[in-house]
């Protein structure tokens, strides 16, 4: 049974990574996985959260949110509801945790990089697109910090981080599910991996169904191949020069 | 004393209006006043707020918000703070009130048009850009409702609505202030007007200063001319066909 | 068509200003515009908000609220709802902004004057009555600060501030609208002005209607005349001595 | 050791009860116990809380609050803090419970009487003043309901309710403590009683101290005598006619 | 008319006090009054609340809560509702106030003992069981502080504290009401007393009824006898050694 | 390098499952994984959430929480903070999702089973203990529903559900981590599985580190063996009769 958009089961949607989307943040990336569009901004802030003050180390944190107009049917605004929902919290924590796996926080000094992932348009896989774009924004913020003379170690990123969804739909293991597939998947998994092929996070769920160990193995295979491809696209995007004006640091 | 960007005192910044920016809402417009960029989406929802149920009339409401990454320095996310700030509330109310001035709500039946104005990038004048873009999104949503056969009156919009800021900077009355001028203006005014040249809303404030009656008069003159120009740009943008797929209503 | 209460179109309601209404605040004024009664208290507090600490300057802030029993039909208590509504926020901000236009904040040292405007009975024009009463309470608090030896400049008030509503009702421009007129006004405007006749704030709205430039001009004329009259009543009220016991400052 | 204000240990402060303080609520009473002033309003509302709907019975509820400017030092506004404090909750519940002891709720039909007790000026004993004033406002609201033809039983009030504080100060049992005594009392008690001399509520607390059984007995004696005196003052106040315009009920 | 469980009117339910119920807090006690089970934990925390900092004195505070599964019908979780209810606040304040009556806070240094009373199973009298168990947990925490060398005075507890409910059911004064009696009691009272027989807190309420002075006297008699019995059971429980491993203080 | 508690790397801690821990809920289970103790209660409630009303199907939901006294250092109470934290939300969602994998919701009719998992004592692995205990409480609630004649299908549970943690500590893959190991684990994974050996949920995280595909495979092997053992212990516990009094349903 073929996919609605004609893709092979193990193929990604069309991926676009646009750096320098906004003027003010140190890193600002619009990432698109087909119709899913997420704006990932990395802002540099002096200081670290209170519990980390005095450690001499930096911090990377993330917040994920959905514009009300991003979904097929308008969703309520969490600021108006007065509380951040469980799903939002969960994804924000996942993004922050994933990015902290690739960076040496002690190289940042007591500075925070705050990553905002705002979904402009949702068509499945928003959290994995967010992680993929957020890494690129983080890399630009690190470049900015380096230019500003604020890095103790000039290369604090030990690897790159990308993520993709994989699932079982129509009885088949498929990569990078759009909303139409995601909403009827029997198993749904998100895999975060490095460009070295190691794993950062694996989250697999059978909502209303269970899955065999062999299915898990197959999903991991397909997802790791997808992540490898995303890592190449990230590297290509980052090969171009920094898209804005870099600061001139204290010591040239 | 010349303006930083070289404009005449009574000139608008470069204005761009892009319809069809998102896939799912009935109207979705990216409006740009120079570097200020606001995404205005108009979503059609069945039903009206409880206090209006049974009236047979529709409703138009608006919510304004700022992405944390939109500002020069990252701002805190209101959903995380758990409350919508006073400024946000105030602007949301202003946008809704302004748009309700141009539409015959009884023509909508008991349907709501929810307008979301999310600031992608802020450089002064976000509320006036939002109103100007929101009108165009509203017009597209009205076209959509008409195609869906849900309008009692095929032309419920009696006029168009645009808005612009005007202020006193360096002792001179200037139109459409960017952040750099706005932050040091002696008087700050927002004017909402129709394409017929009548007024919808006038809000003028002297923070830490007062202003003469004659200054008020001059600001209104300049703002009304700016609004007239914006009305022409809105009309041009709306001259192109509806940017998506229209529904086929109950009566073809 | 005559007004329900027989007033001329450009006449104020009966205005009463009672100083010293409460024992503890430095300034406490009950202001009445006809049946509208607002208790305005000005409390002196050591220190300023965090963002202003270290500036050497003082601050004036305001909070507006409505007793649940003040309105024709009992309204819900905002503390019980757990959030301050948009209208309340908007008016609080307006009052604070208006009062800051008349005072030299650097003369206060790092002290805050907190103005509480609590509506005891509402019959239209509560925000303009609040501003008018709040100025008198502020003036008393300034006298108190002077007696306490805490003012760098003995005359930090550069002018007085008063406010009044004006609107179009039954097709006529009318001053100081009671609830019965306010609720059916075609245009509604609030004007804040100084005793020198300059403007501090102008907010005009046509809810469900628009208005001509000439109507705006006429409303401003009428409102400025009303504010001039209020300024005279404020001056008369303040001609009497401070209504309580003044502190004895550090250096007599 | 004499009291600061020269009163006997078992004497009340000067008590004033002013009916008809506000225009709109069915009952509105300003009650004064010396410098303590509480505005008690009783509003009639159609319907009852959800859990009581369909019971055929009415409800009486109360909300207590303090104006920020009522206290010696300005207190924060609970609506701005976004939550009602424990003390406020506790007193609101006490007032509602006390008033429900004197009224036959089945006589009200499915109507609610909402009592708002807003402290205008605080000088000790605000909760007991509130209960004492609230009873008078309730009695006026009952008269209003009777005139409106909404009472199943024309005399739903079985007794009157008054309350007073009593405490141990300077080793002596004293009645009706002002703030100066309350803040240093070894034992603090509030007694709510009927005009028949029976008890409705007794709350005695030794903060940082304990007290003997005999002290409890003496405090109850003194408080019951105080409540009897308050009951006479309430009856006198209610002997005058209803202070506003009564509705004309369905059956004249 | 006999009680459902066959007890005499002035008899307590079966009381069990289990020390050392949890591993980590300095004091942890499961107290049972019949089927009512409350887990009382006393945690030692460095520092005191901000308003007490620099006083050199310690603090004792308490929080009471109910597991959703503790009640006959599941109750909603207050953390999910986002606010602590009035009843919860009231009881938390009562527990803290009661315990502070028996301890010399200046002996603690600037340390806080936080008492958590979590109801595992509710069958009437949860607040009085909580106070009775909390005292035992507090005593263990004091022992722990002494072993840690943190007490200025080795015996900061001047007495023990116990509490019991008493009420009028079926026209009879009865001690220690289970839910079945509590829910239909005409008068409900909670008494907190010391092992010396003095009173700490008395709270009596007639919901929907009033009660005679002589009834109050009889209820106090019965309750004081119950508290005396509880004090003996507390003393027995505390006669056993500290149920965990004590710290070794700075100076042995 | 040996484990602190002497266990083999692939051994569970001592597991205890106590049914009938509380009186009122349909299922109430205290589950212990070594020192970790979680109280899991399953309450039957009429009706389903609003979005599911009219579907004819039931619902299973879960809430997880930690007593403040459960942790090594007291943690703040979420009800007092006024918001449920991200971690709590995430675990509550995980428990509900996991249990819904084993039950035919259409057999329940429009009834909800609400599972409360309250951690009494935390020593690592609280979420996996909670799932394991919650399944047993759910099974008891299903028995209760059957006895009450409310099940459309007498055997709505298709399998049993258990969960366990696994991680990499000291470079070794280890099962069922206590806090001491969990807090320094390089990789941390939770696996939820059925007694048939299929997977329900897999969540693996390398905080500050990444892990190889082969490590993932090994962790899954060890966890699945642990879950199989837990399934046997659950079956043993459920072999005893229902621990309370069952209702007598509409059809005896």
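Each chain gets a letter, A, B, C, D, E and F, in the order it is written, and its residues are counted from 1.
Heads up, the rule we're going with is that a contact is a pair of C-beta atoms (placed from the backbone, for glycine too) under 8 Å apart; a residue touches a chain by one contact, two chains touch by 3 or more.
Which chain is which protein? Per UniProt: A, B, C, D, E, F = Ribonuclease PH.
Worth saying up front: this structure is predicted, and the values here are computed from it rather than measured.
Novice: What is the set of chains touching both chain B and chain D?
Specialist: Of all the chains present, those in contact with both chain B and chain D are C.
Novice: Just to be sure I understand: going only through chains that touch, what's the smallest number of steps from chain A to chain D?
Specialist: Minimum step count, chain A to chain D: 3.
Novice: Since chain D and chain E are copies that touch, just let me know if over half of their interface numbering is common to both, same, or not, different.
Specialist: Chain D vs chain E: same; shared/all numbers exceeds half.
Novice: Suppose chain centres are the mean of their C-alpha atoms. Which chain sits farthest from chain B?
Specialist: E
Novice: Based only on mean CA positions, could you tell me how far chain C sits from chain D in angstrom?
Specialist: About 32 Å separates the centre of chain C from that of chain D.
Novice: Just how far, in Å, is the C-alpha centre of chain F from the one of chain D?
Specialist: 50
Novice: Taking each residue of chain C in turn, which ones touch at least two of the other chains?
Specialist: Answer for chain C, listing residues that touch two or more other chains: 82-84.
Novice: Can you give me the ring order of the chains, beginning with chain A and going next to chain F?
Specialist: Order of chains in the ring, chain A then chain F onward: A, F, E, D, C, B.
Novice: Note which residues of chain A are touching chain B in the complex, please.
Specialist: So the residues of chain A touching chain B come out as 22-25, 28, 35, 39, 41, 43, 45, 63, 65, 67-74, 77-84, 88, 114, 116, 118, 120-121, 123.
Novice: Which residues, counting only chain C, touch chain B once they are in their complex?
Specialist: These residues of chain C touch chain B: 83-87, 89-90, 92-93, 97, 100-101, 159, 189, 193-194, 196-213, 216-217, 220, 224.
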